[in-house]
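Note that subunit A is present in both complexes that follow, paired respectively with subunit B and with subunit C.
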Partner chain A sequence: MTDDEIKALVLSELGKIAPETYPSQIDPTVELREQVDLDSMDFLNLMIAINEATGIEIPEADYPQLATLDGCVRYLRSRKA
Partner chain B sequence: MPSLGADMEAGTVVEWLVKPGDPIKRGDIIAIVDTEKATIEVEAWETGTLEQVLVPVGEKVPVGTVLALIQGAAAEAAQARPPAQARPEVVPAPKPPVVTAPPPPPLLAPKPPRGRPPAGAPRLRISPLAKRIAQELAVDVSKVQGTGPDGAITRADVERAAKAPAPKAPTAPPQAVAPAAAEAPKPAERVRPAIAPQERQAMMRRAIAAAMARSKREIPHYYLAAHIDMSRAMGWLQSENLKRPVANRLLYSVLLLKAVALAIREFPEMNGFCTDGVFRPSDAVHIGVAISLREGGLIAPAIHDVNRKSLEEVMDSLRALVKRVRAGVLRSSEIADATITITSLGEEGVETVFGIIYPPQVALVGFGKIIEQPWAMNGMVGARPVIKATLSADHRASDGHRGALFLAKIDRLLQTPEKL
Partner chain C sequence: MRWEPITKPRQIRNVAPNMPDYAKAYAEFSWDKARAQLDGLPGRRGLNIAHEAIDRHAAGARRGHLALRWLGRHGEVRDFSYADLHLLTNRFANVLRKLGVGKGERVFLLAGRIPELYVSAIGAIKNGSVFCPLFSAFGPEPIRQRIGIGDGRVLVTTVALYKRKVAELRASLPSLRHVLLIGSEQQIREIPDAHDFGQLMNEADSRFEIAPTDPEDLALLHFTSGTTGTPKGAMHVHQAVVAHHMTGYYALDFHPDDVFWCTADPGWITGTSYGIIAPLTHGITSIIDESDFDAERWYGILQDQKVTVWYTAPTAVRMMMKVGTEVIAKYDLSRLRFIASVGEPLNPEAVVWGQKAFGLPIHDNWWQTETGGIMIANYASMDIRPGSMGRPLPGIEAAIVRQKAGAVEVVTDSGVEGELALKPGWPSMFRGYLHEEARYRKCFAGGWYLTGDLARCDADGYFWFVGRADDVIKSSGHLIGPFEVESILLEHPAVAEAGVIGKPDEVAGEVVKAFVSLKSSFSPDEQLRRDLLGFTRKRLGAAVAPKEIDFVANVPKTRSGKIMRRLLKARELGLPEGDVSTLEGA
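Showing the complex of A and B:
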């Protein structure tokens, strides 16, 4: 997947979890939980959705690396999404 | 109109999913009702045949109003029948609007798959969110071309339609609604008069305020708090989640829910309803989970029979519940029958929360944030993840001594997480 594809995937899954989110308003460097008011259930659902779309198994210990949109792109690229 | 919680006084019928003559099973979703807080799928409490719809789509009626008549099939339903109503079964049984009667037992009948009407009536494919937006923007969804899966109407479709120059459909006139009750609902009639988001907000705030004021006025609260060492629970959870694929992982709140549910076995005076000053414990443990709404406000739908569910099942139920709350569509049974409530503000970083009991319940357990802090034990100090558990309970049902033992029991259960 290209960086843009990864970004689009994360934003589209985020839109399903938090429908009031406008992708254009997401700052890729700021923590998603902070910007979108995600709780732990929302965040877990985001991880599940990414896992389903990419097949990548994300260990719980790696969650902090996926805290921002840029972080998601970096992490998923490194895991060869 | 069922009472879907102490803070509900009225509701608007948005959609009928059955028509006269249709067979109805207990547990079927027969109507959709809009309240200040959410869209509620109303489940039938009786099995029978729908005889007559009494409240048409678009009408707002107070709690206790008879919505429809069901010709009862079973004789055992007779005692629920009001004496004056000799023949047809009433759905739901009328309730006084102010005093909330104990909710009915949980529905055991299998529920129809979501998104499909129990009767054969054709139903528009539209997400609850898109439906709500359509209502707010006064878009006639029957004229919207869906681009989602199977032609479902999405939020984007609705927003596009709202911007299109096509003339807007007038909101359903009241007189057009009456005949609609006698036949399958048409898509156009599903669009109820729009409630502006700000107005919904104000209504919800008033509803919450009314219920909480009543709670503070009528319930003699007492409050207790205890620190609980969470190192064993969190350690167990971490190693457990390491073994699990992401879709099967557990959240620590599931451990808290289960611990409270199991502790209730020994403390029935924390679980049930106090109506007119008389406390009736409940055999079932339905835990209301306070979930904040994205648009603001709060709702506390129940997870049923938590004491009898495995951690996985509690997790699945919690996940499904959060999903339905987020989508703004809940079921009547999960809204009406919580026997105790848990509130957890740990996500927001709060250390301690003393909740207000949700009448007619008699207890509320609060959990704050898990904080790593110094913990002295056996003359040694170490750093432990610690959570503050609180209890707000009703003096008409219990006292502080029992409340303290209840919190201690929750603590003990959390020290052996593998047994939860």
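Showing the complex of A and C:
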């Protein structure tokens, strides 16, 4: 997957959990939870959704690495998404 | 499965528990003696929470002691001694006084865990005003309702939260006279009809004398939810501090050198009673973390801040369990002495996991917004029966009761389920629901306060939680009223009927799930489902809005029109539907 494809995938999963989000307004360098009204359950569900969509196992201890959109891209790329 | 009791050593980390003998402490306790642990306002002018929390320490040997250490999201650290907090809260009390905000008037706070929140809380109480926190993850609707019901006179919030959630509501909040914004001068200047918090603080005098305060004067307003109707504002008075202090001593085992960390947000009562007040009345150090849950960040805080007493919540414990114990081994948590949890019952697996992960069991305790402070607890000195909420605090009489033909009878047989009830009279008991006398009176019968929780009591006096007596949803330790969520769903043009339940969830306890039937011109599809989800999230905020929405042909109701949430829940879980004789169309 290209970086753009990964980004689109994360935003699409985010859109299912928090449909009120405008993907174009997300700053990829800022933590998602600072920009989108996500509680801890939403964030957990996002991690589960990304795992299901990509097949990549994401251990809970790695969650902080996926806090930003750029972080998601870096992490999923390193895990060969 | 039966869980073996966890026995305790006489001392943990060379510290003897404050209550070595539960039975003796319970028998010898009196509220007068508990009250004598506090100073009261100088010159016998009454009792004020702010004086007990800050001023008495600032005037004594603890003045230079670290009161609050704030840890910012991006690694910032700000320290506040008791002397610092004394001056800052004096300033805020003067800010209110200058604005003409008086005794009993409600000062609302809408902010994340930032230092200004803590200063404003105590400063407002110092001024004789009433502190009312709003959870920062609330959407505009819960905010509007609460400020409206609470006749909020002042709102302190950040520029970002104001723009996102409050600006659009301003016209619908006639009681609100002053909005104080935290942010840059530049940002605030652009917002009409708002004050600059920082500027007002800078201009304010740092000397302030607390006016005479009756122990029964209103100090705190905390909103909670019932099954039906609007949120209820539980009123608490200044002498609640006697219970905050006492429970800090017995249930959380505060010792003078403790570093305490309560992970709860002040938007909920735990984050106020124990995230602000109790550690300060004991003159100890309290840690505040601005960030949300992150297992490794949390272990780092426990280690680096040398936390000795830690008060957290089952949802967090269960998330830590998912991360596993291997990570914990990297951290030196040898200072940690006592771990407690509240918000919803802590499952036995989690209690025992604590023992494996930290070498310390997790002490569950029980209380609610209405009780103001911890009522039933597992203590440092007492064996733990995993899954039990423990035994009543000294000064608290608890019982299992049953209502029969309008009368209340105490269930004396052990192990028999009934409603958990408390004998009224403790200092932090709520004094009413604001403007809702009838709802308040309904909480009492036969000389008992009825908690709405179902429980049983074993032969040795340990209480065990069974479930809620009503349809209130408990998600991540927060109460959510199904009616509040249903009302918002009904505002959507496509929705004909809505029923909302708590769906069991292994991490959050319950998550909010909505069932909606649509008006005939709308058809159920994924786009509409998302539209509804986004609609409710925007109005209610992530903490209250449903996580799941299902379409149904119709929402089951009784012939008198009451939504049968129990039936929705039974169907969701594939359980027997029970008595459906009152079902409409049955």
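In the analysis below, the second predicted complex is superposed on the first by the 81 of 81 C-alpha atoms of A that agree within 3 Å, B and C clash if a C-alpha of one lies under 4 Å from a C-alpha of the other, contacts with A are read in each partner's own complex, and residues count from 1 in each chain.
Here is the rule we go by: a residue touches a chain if its C-beta (ideal position, glycine included) is under 8 Å from a C-beta of that chain, and two chains touch if they have at least 3 such contacts.
Just so it is clear, the structure is predicted and the values come from calculations on it, not from any experiment.
With subunit A as the common reference, the superposed partners subunit B and subunit C clash.
When both complexes are overlaid on chain A, the residue A:Glu20 reaches subunit B and subunit C alike.
When the two structures are aligned on the shared chain, A:Pro64 is found in touch with subunit C, with no touch to subunit B. Legend: residue contacts after superposition of the two complexes on their common chain; A:Ser40 is shown touching both subunit B and subunit C. In the superposition on chain A, contact is made by A:Ile48 with subunit B only, not with subunit C.
Stretch 222-230 is the one among 60-68, 168-176, 222-230 or 276-284 where subunit C clashes with subunit B after the superposition on chain A. In the superposition on chain A, the residues of subunit A contacting both subunit B and subunit C are 18-20, 37, 39-42, 44-45, 59-60. Contacts from subunit B toward subunit A in the complex involve residues 129, 155, 238, 241-242, 245-247, 249, 251, 253, 294-295, 318-319, 322-323, 326, 347. The touching residues of subunit A, when paired with subunit C in their complex, are 15-16, 18-20, 33-34, 37-42, 44-45, 59-61, 63-64. Of all residues in subunit A, those touching subunit B in their complex are 17-20, 37, 39-42, 44-45, 47-48, 51-52, 57-60. Partner subunit A is touched in their complex by these residues of subunit C: 73, 137, 139, 292-297, 315, 319, 322-324, 327, 475-476, 505, 507-508, 511, 530-531, 533-535, 537-538, 541-543, 547.
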